[in-house]
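Each of the next two complexes has subunit A plus one more chain, namely subunit B in the first and subunit C in the second.
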Partner chain A sequence: MTPSLAAVAGLTAMAALSLWAGVLARRRGHTTSDLMVAARAVRPHFNAAAISGEYLSAASFLGIAGLVMQFGYDVLWYPVCYAAGYLLLLLFIAGPLRRFGAYTIPDFAEGRFDSPRFRRLAVGLVLVIGLFYTLPQMKAAGLTVQAASGLPYGVGIGVVTVVVVSAVISGGMRGITLVQGFQFAVKLFAITVPIFALLAVLGGPQTLLREAGRQPLPRLPQATTFSVRPGELWVLPAADAVRASSPIAARWLGRPPTALRSQAPSGFVGTPTSALPPAGSGRALTVRGRMVLPAGRILWQGSGTVRLARGAPVPFGDATPPSSTARWLQPFGPLAGGSGHPLLFTYSLIMAILLGTIGLPHILVRFYTNPDARAARRTALLVLVLLGGFYLWPPLYGLIGRLRAPQLYTSNLTDAVVLVLPRQVPPPWLGQLLSAVIAAGAFAAFASTLSGLLVSLAGALGHDIYGRWWHPEAGPRARRRAFRVGAALAALVAAGLGLLVAPFDISILVGWAFAIAASSFFPLLVLGLWWRRLTLPAAAIGVAVGGGCATGAIVTTMVAAGAPPLQAFLARHSELAVVLAQPAVVTVPLAFLCMVAISLARPRPPAAVGAKMLQMHAPERLGLRRDYIPN
Partner chain B sequence: MLPAMPWEATLLVQLGATALAAAFVFVLLRRQRHSFGTLEERATLRTLAFATSAIGTLRQGLSTRSAQRVLRAIVTHTGVTAAALYDPNGPLAFQAAAGSPADRHHRHLAGERLAVLAAAASQRLQLWRVHADVPVPSCRLHSGVVAPLLVGDRVVAALVTYHLEAPGPSALQIAGDLAELLATQLRLQQAEEQQAALARSELRALRAQIAPHFIYNTLTTIAAFVRVDPDRARELLHEFADFTRRAFRDPASEFTTLADELVYVHQYLLFEQARFGDRLTVRYGVDPEVLSTVVPTLVVQPLVENAVKHGIESDRGRGTIVISAEDQDDECWIEVRDDGAGIPEAVEPLEQPGALGNIDRRLRHTFGAGHGLDIASRPGGGTSVRIRVPKYRPGVKAS
Partner chain C sequence: MGGAGAPPPPPPRRRGRRSLRELEEQTEVGQVFLRALMRRQLRLSCAIAASFMGLLGVQPLLAALWPRYGRLQLLGLPLAWLVLGVGSYPVMVALGFLYVRRAEQIDDEFSDLLG
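And then the complex of A and B:
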C-alpha cells in the first residue's frame, strides 16, 4: 500500500485536535459565572452523542467494512446488533440501574448483594473484557498508521499507545462529555462524506449491487502489479494470465478441497484458512514472462513482482476464503456457512453482540451522568438513533471494496478498505483530502474507545485493586499514581498482545469481548435488577461460570489458530469448533441457568432486597425519594 | 486390544464416570459432616450456633416478632420447657418446647404479669413459684426463673424460663447468662440508634447555625436596597424566602445530589454578593459529569460560608472564592478555595468549634476514615478545603 501524506496529516491533525479539545474542556469551567449551576447538567442528547462517540470503536469504523468485504451478507448482523443492543439497554437496564445509583458494574455487584468479595470477581471480569476489547483497537491503530504512512504494523501500535497513554495520564483525553460528543461528530462526518463522494462517482447502491451480481468472481478493476514474498499464499479461483518481472519459484498445491463451495472450517473466525502444507508437497513451478497460472493454491517461494491484467480474477490471500458473488450476497454465506453450522453460528453471533453491549464496562459508566432514570432512558433511545444513522454506511464500503479494491483480498488487508477507497475519488486532490478525513475519523474511532477503555482498566487496577485491597489507607496522591501506573500497564499489555492478534479480524476480536460480557454481566444485570430472589452465591457462580466458559472457549480458538493439531481436531468436530468460536449460544443460557437454579435451590435473598427493588423500580415522581428541593 | 469406540460413546462413558465420582465425593462429605467431632465439640458448636442465631435477631430492636424468634431459638437449643419475654408493659411472647405439657400455659400469662414485673424490678435473678397464689391444677409447671435485661440501669425487658420442678443452680446460671447475652444485643442496638441520632442532630445543629447572623445580615442588606434599587430588593426577598424554605426543610434527609447542594450554595452566595458588592468575586468550575453525584447534605455550603468569612470579612475586604467539582474517575473532588488571610499555623481548624469539624466527622462516618476534609492553608496565601466523594457507596442515596 502506498503511503499518503494527506492521510498522515489527517491523523496528526486529529490527534492534536483531540488533545487540544480535552485541555480546553478541562479549563472551560473556570470562568466567572452567574449561571444557575444545575442548568449545566448534561442533557440527554449530549450524553447520547458522547456515548455513541465512545462506543463507535475501530470495529465499527474499519472492521465492519472489512468483514463485509470478506464475508458479505452475514456480517450485516454485526452493525444491526451493535445498535440494537441499546434497545435492550433501554428496556431493561438504563432506568433501574440509574435509580440504583451505581457507577460501575462492580459497584452494582457490591451494592445489590452487599458483598465486597463479589466485587472482586466483577473487577476481574472488567479487566478481562476491557483487555479483549483493547486488542482490536490496537490492531486498528497499527493498521491505520500502516495504511497512512507505510510504517510497519508494530510501529503504528507503539506510536498510538504512547500518544493515547500520555493523553490519558495527563488528563487530556478523559471521558469528558463534550469531547466525546465531538468525537462522534467527527466519526459521522468522516464516514459519510467519503461515501457520498464515492457513490456520486460510482453510482448508487442499486447500481453497485447489480454490478457485483454481474461478476461471479471479483475481478481487478485495472491492471495491477503485486509484489510477492516467499511464503505468501495465493488462492486462484480461476486460471489467471500473469506477467512476471523475473523468474519466481513457486509451488502449485492443487485446488483446495472445497474451494468455492464451502471453506476450510477455521475461515469463519478470520484466522488463516490454510495452515502451510508440508514442505515439498505439490508441484514445483517457475513463473516467468507471460504465462497462465492454473486455478488452485500457489505458494510463492521467491520474491518479485507479478502483473495481472485488467479484468483478471483476483488472487485471494490466505485470510479470506474465495467465494462466488452469489454466495457473498446471500445469508449463510462464507462466514456462517464456512462453519458448517450456519444457523447455530448466526444465532450465537446475534446473542453475543446483542446482549454484550449491556455488559461493556466503559459504556455503562456514562449513564451515571444522567440526572435521573427518565434522562437515562431518553439517552439510550437517542443513542439508538445516532448509532442507526452511523451503521448505514460501513457495509457500503465493503461492497465498493469488493468491486473497486479487490487487491486487498490478496494482501490480507481487507480491514483497511475504508482507508483505501477514498483515494480513488477523482480528481487526485479530492481523493487525498477525503483520505485525510477518513484517517482522522479512524484515529478518532480507536483513540476515543482506547482512552475510554484505558480509563476503565486503570480505574480497576488503580482504584480497586490497589486502592481497596493492597493499600486501603492510600491517600489521593498514591491513588492517582496507581491510576497512572495502571493505565501504562494496561496499555503495555494490550500493545504486546496487539502485536500477536494481527491475523484476526478486528470485528471478530470485538465480537469476542462482547461474547464474554454477554455471558457474565448481562445475566447479572438483568436478573439482579428484575428478580428479587437472586442470591449472592447464585449470582457469583453464574458470573464466574458464564464468563469463565466464554473466555476459555475463545482462548482455545485463538490458540488453535497457531496450533495445527488442535486445529485439525476442531476441523473434525465442527459443532465444537462453532461453539468455541462463538460461545454465547451456550454460555449465556448456562449463566442464566446457574443463577436461577442455585437461587431456587437455596433461597436466601440478600438482606433488604425489598428496599433495593423499590429504589430501582419506583418512579422518582412517586416521591419515594424525597428530593432536597420540592418542585 | 479394545475395539475402537466412536467418540460420542467415549464422551458418554467419561461423563458417566465423572458423575459417579462426583456422587461418591458428595456422599463422603455428607457422612463426614454428620460424624463431626466429639460429644463436647458438638455441644460447643450447638451453643455457638444458638448464640449467633440469637445475636442478629435482637439487633433490630425488641418487638413481638423478634421476641418470638429469640424464644424459639432458646427453647430448641437450651432444653428449658418453656420461656417468655416481658417488656415493662407485660408479656411480649411465650414459647413452649414442642410436645411439652407447658403448651397451654400461655393462657395464664396475663394472671402472672404483676408477679413477673415485680420480680424483674428487683434487677436481680429471681426464682418464683408458678401459680403460687391461685393454684391451677391442670398446669404442671412448677416454677420459673425471672432474669431482668438491663440496659444502663433500666430494666427494659425480662426473660422468664419455666421448669417442671424446682430448678437447680445450673438452670439459674443458664437463665442469667441468656439474659446477659440478650441484654448485650439490646445495648448494641441502642448504641447504633444513638449514633444515627447524633448524626441527625449534628445536621440539625448545622442548619440552626446558619440562621441567626446570616438572617440578620441578609435582611440588613435587603433593607439597604429598598430605597436605592427596589426591584433588586424585591428579587432578593423572593430568593430569600425560597432559601429559608429550603434551609429549614426536613432535617432527616441526610444526602442530596451535588447539583442541589450547588444550587443552595449559589443562592446563598447571591445574598453575600448583594451584601459585599464587587468586593466578592465567585468563580465556578464544575464538571457537569458529577452533578448527579450523591453527597451528604450541607457539606459544601458551610465551607463556602467559611471561605466568605475568612476571605473577605477578615482583613483586606476584597476576595475571590473558587468553587470547583472535578470528575476524577470513581470519585468527585470538590474544592472551595479563597485568597484570604489563611489559617494561622498554631490553629488546628478541625478542632475549632464550628462547621468544619462537623463536616469532617460526617464525611468520615459516611465514606470511611480516608475521606475527611483535606485543608491546605498558608498564612496570607489563602485556604483550600477539599472533599473526595466516591461516586457510589452502598447505602448512600439521595433521600
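And then the complex of A and C:
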C-alpha cells in the first residue's frame, strides 16, 4: 500500500486531539474517582453518544468490512449482534444495575454477595477479557498506521500505545469522556461520507451486485503488480496469465481443495493456516517472462514482482478460502459453511456476541453515570439507535472491496479495506481528503476503545490489586500513582501481545473476548440481578467454569493454528473444532447450569438478599434508594 | 426523550403509607409486593427478548431448511442480506422503545400503588 500524506495528517490530528483533552482534564482538579468514573448525572443523549463512541471499536470500524469481504453473508451476524447486545443489556441489566449503584463487574460481584474473595475472581476475569479485547485494537492500530504512512506494523502499535497511555494517564476517565461523544460523531461521519462518495462514483448497491453476479470469481479491476516473497502462498482458483520481472522459483502444490469441508479447521475461524506442506513436496516451477500459472496452490520460493492483467482472477492468500460469488452471497458460505456444521457454528456465534456485550468490562461503567434507572434505560435505547445507524454501512465496504480492491485477498490485508477504498474516489484530491477522514475515524475507533479498556484494566490493577490487597493503607496519592502505573503496564503487555496477533482477523479476536464474557459475567449479572436464590459458591463456580472453559477452548484454537498435529486431529473431529473455536454454545449454558444447580442443591442465599433486591428493583420515586458505593 | 436527563425531584416520602413501610422493612407483605413487581418486569423483558431472538434465530434455520431463501431477491438485492443487515436495526429499536415505555409504566403503577 502506498503511503498517503493526507491520511497521516488525519491520524496526527486525532492523536493531538486525544492528548489535548487529557491535558485539559488534568488542569481541572481531580480525585481518584474522577480518574475512574466520570462525574455522574450526564444527560442520556450525551451519555449515549459517549457509550456508542466507546463501544464502536476497531472491530466495528475496520474488522466487519474486512470480514464481510472475506466471507460474505455469514459475517452480518457480527454487526447485528453487536447492536442487539444492547437490547439485552436494556432488557435485563441497565435499570436494576444502575439502582444497585455498582459501576464495575467486580463491584457488583462483591456487593451482591458481600464477598471480597469473589471480587478477586471477577477482577482476574476482567483482566483476561480486557486483555483479549485490547489485542485486536492493537492490531488495528498497527494496520492503520501502516496503511497511512507505510511505516512497519510494530511502529504503529508503539506510537498509538504512547499516545493513548499519555491521554489516559493525564486525564483518566474524565479526559476520555470529553472526547468520547465527539469521537462517535467522527466515526459515524468517517464511515458514511466515503461510502456515499463511493456509491456515487461506482453506482448503487444494485449495480454493484449485478457486477458481482457477472464475476463468479473476483477479478482484478485494473492491471496489478504484486511483489512476492519466499514462503508466500497463493491459491489460484483459475489459471492466470502472469508476467514476471525476473525468474522466480516456486512450487506448485496441486489444486485447491474443491470442498471447503476438507480444509484444516483454522481456515474457517479466521486464523492463518500456517501448516505449510513439507519442503520439497509439489512440483518445482520457475516463473519467468510471460507464462500461465496453473490453477492450484503456489508456494513462492524466491522474491520478485509478478504482474497480472486487468480482469485476471485474483490469487488468494492463505487467510481467505477462495469462494465463488454465489457462495459468498448466500447463508452458510465459506465461514459458517466451511466449518462443516453451519447451524452449530452460526448459533454459537450469535450467542457469543449477543450475550457477550453485557460482560465487557468497560461497558457497564458508563451506565453508572446516569442519574437513575429511567435515564439508564433511555440511554441504552438511544445507544441502540446510534449503533443501528452506524452498523448499516461497514458491510457495504466489504462488498465494494470484493469488486474494487480484490488485491487485498492476495496480501491477506482484507482488514484494511475500509482504509484503502476511499482513495479510489476521483478526483485525486477528493480521494486524499476522504482517506484522511477515514484514517481519523479509524484512529478514533481504536483509541476510544483502547482508552476505555485501559481505564478498566488500570482500575483493576491499581484499585484492586494494589489498593486493596497489596497496600490497603495507601493514601489517595499512592492510589493515583498505582492507577497510572497500572495503565502503562496494561498497555505495555497489550502492545507486546499485539505484535504477535498480526495474522489473526480483528473481528475473530474480538469475537473471542465476547465469548469469554458471555460465558462468565453474563450469567452472573442476569441471575444475580433477578434470582434471589443464587448463592455465592454457585456464582463463583459458574463464573470460573464458564469463563475457564471458554478461555481454554479459545487458547486451544489459537495454539492449533501453529501446531500441525493438533490441527490434523481437529480436522478429523470437526464438531469439536467448531465448539473450540466458537465455545459459547456450550459454555454459556454450562455456566447457567452450574449456577442454578449448585444454588438449588445447597440453598444458602446471601444475607440481606431481600434488601438488595429491593434496592435493585424498587422505583426511585418511592424514595428508598441508597447507592451501594464501594469504598 | 425530552427531559429524560433531568435529575429526579427529591422523592416525596409519605411515611404514613403502610404498604411502603412494609416494603422498606421487608415484611412478608412487602416481599410479596416486591416479588410481584419483579415478576412483571421480568416477564416483560423475557417476552421482548424471546420475540427478538425468535426473529433472529429463525433465519439460520430458514436458510438450512429452505436453501432457496439465500437466493431470493428484492429490488435486485439479496433478500437475506436486507432482512438481516438492514431490517434487524429498526426491529430492535422498536422493541427497545416498547420495552422502555412499558417498563416505566410498570414502575409508575407500582409507585402509585405504594407511594
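By our rule, the second predicted complex is superposed on the first by the 585 of 631 C-alpha atoms of A that agree within 3 Å, B and C clash if a C-alpha of one lies under 4 Å from a C-alpha of the other, contacts with A are read in each partner's own complex, and residues count from 1 in each chain.
Throughout what follows, a contact is a pair of C-beta atoms (placed from the backbone, for glycine too) under 8 Å apart; a residue touches a chain by one contact, two chains touch by 3 or more.
None of these values were measured; they are calculated from a predicted model.
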Practice task
In the overlay, answer first, second, both or neither for which of subunit B and subunit C A:318 touches.
Solution key: neither
Looking at A:54, would you say it contacts subunit B, subunit C, both, or neither? Reply first, second, both or neither.
neither
Practice prompt. Mind working out whether A:615 is in touch with subunit B, subunit C, both or neither, as first, second, both or neither?
Written response: first
Check your understanding: Taking the superposition as given, does A:240 touch the first partner, subunit B, the second, subunit C, both, or neither?
Key -> neither
So, A:369: does it touch subunit B (first), subunit C (second), both, or neither? first
Query = Of the two partner chains, subunit B (first) and subunit C (second), which one does A:84 touch, if any: first, second, both, or neither?
reply = second
Counting residues of subunit A touched by each of subunit B and subunit C, the higher count belongs to C
Problem set entry | First, second, both or neither for A:232, with subunit B first and subunit C second | neither
Figure out whether A:388 sits in contact with subunit B (first) or subunit C (second), or with both, or with neither.
second
Subunit A residues contacting subunit B in one complex and subunit C in the other 41-42, 371-372, 625
Interface with subunit B, subunit A side, in the complex: residues 29-33, 35-38, 40-42, 101-104, 107, 110-111, 114, 174-177, 368-372, 455, 458-459, 463, 472-476, 480, 483, 573, 615, 625-630
As the complex stands, subunit A meets subunit C at residues 41-45, 47, 73, 76-77, 79-81, 83-84, 87-88, 90-92, 95, 205-206, 209-210, 329-332, 336, 342-343, 346-347, 350, 354, 371-375, 377-378, 380-382, 384-385, 388-389, 391-392, 395, 530, 610-611, 613-614, 617-625
In the complex, the residues of subunit B that touch subunit A are 7, 246, 249-250, 253, 256-257, 259-266, 281-289, 291-292, 294, 297, 322, 324, 327-330, 333, 369-370, 374, 388, 391-392, 394, 396-399
Listed in rising order, the residues of subunit C that touch subunit A in the complex are 1, 4-5, 7-8, 11-13, 20, 23-24, 26, 30-31, 34, 37-38, 41-42, 45, 48-49, 52-53, 56-57, 59-61, 63-64, 67, 69-71, 75-78, 80-81, 84-86, 88-90, 92-93, 95-97, 99-100, 103-104, 107-108, 110-111, 114-115
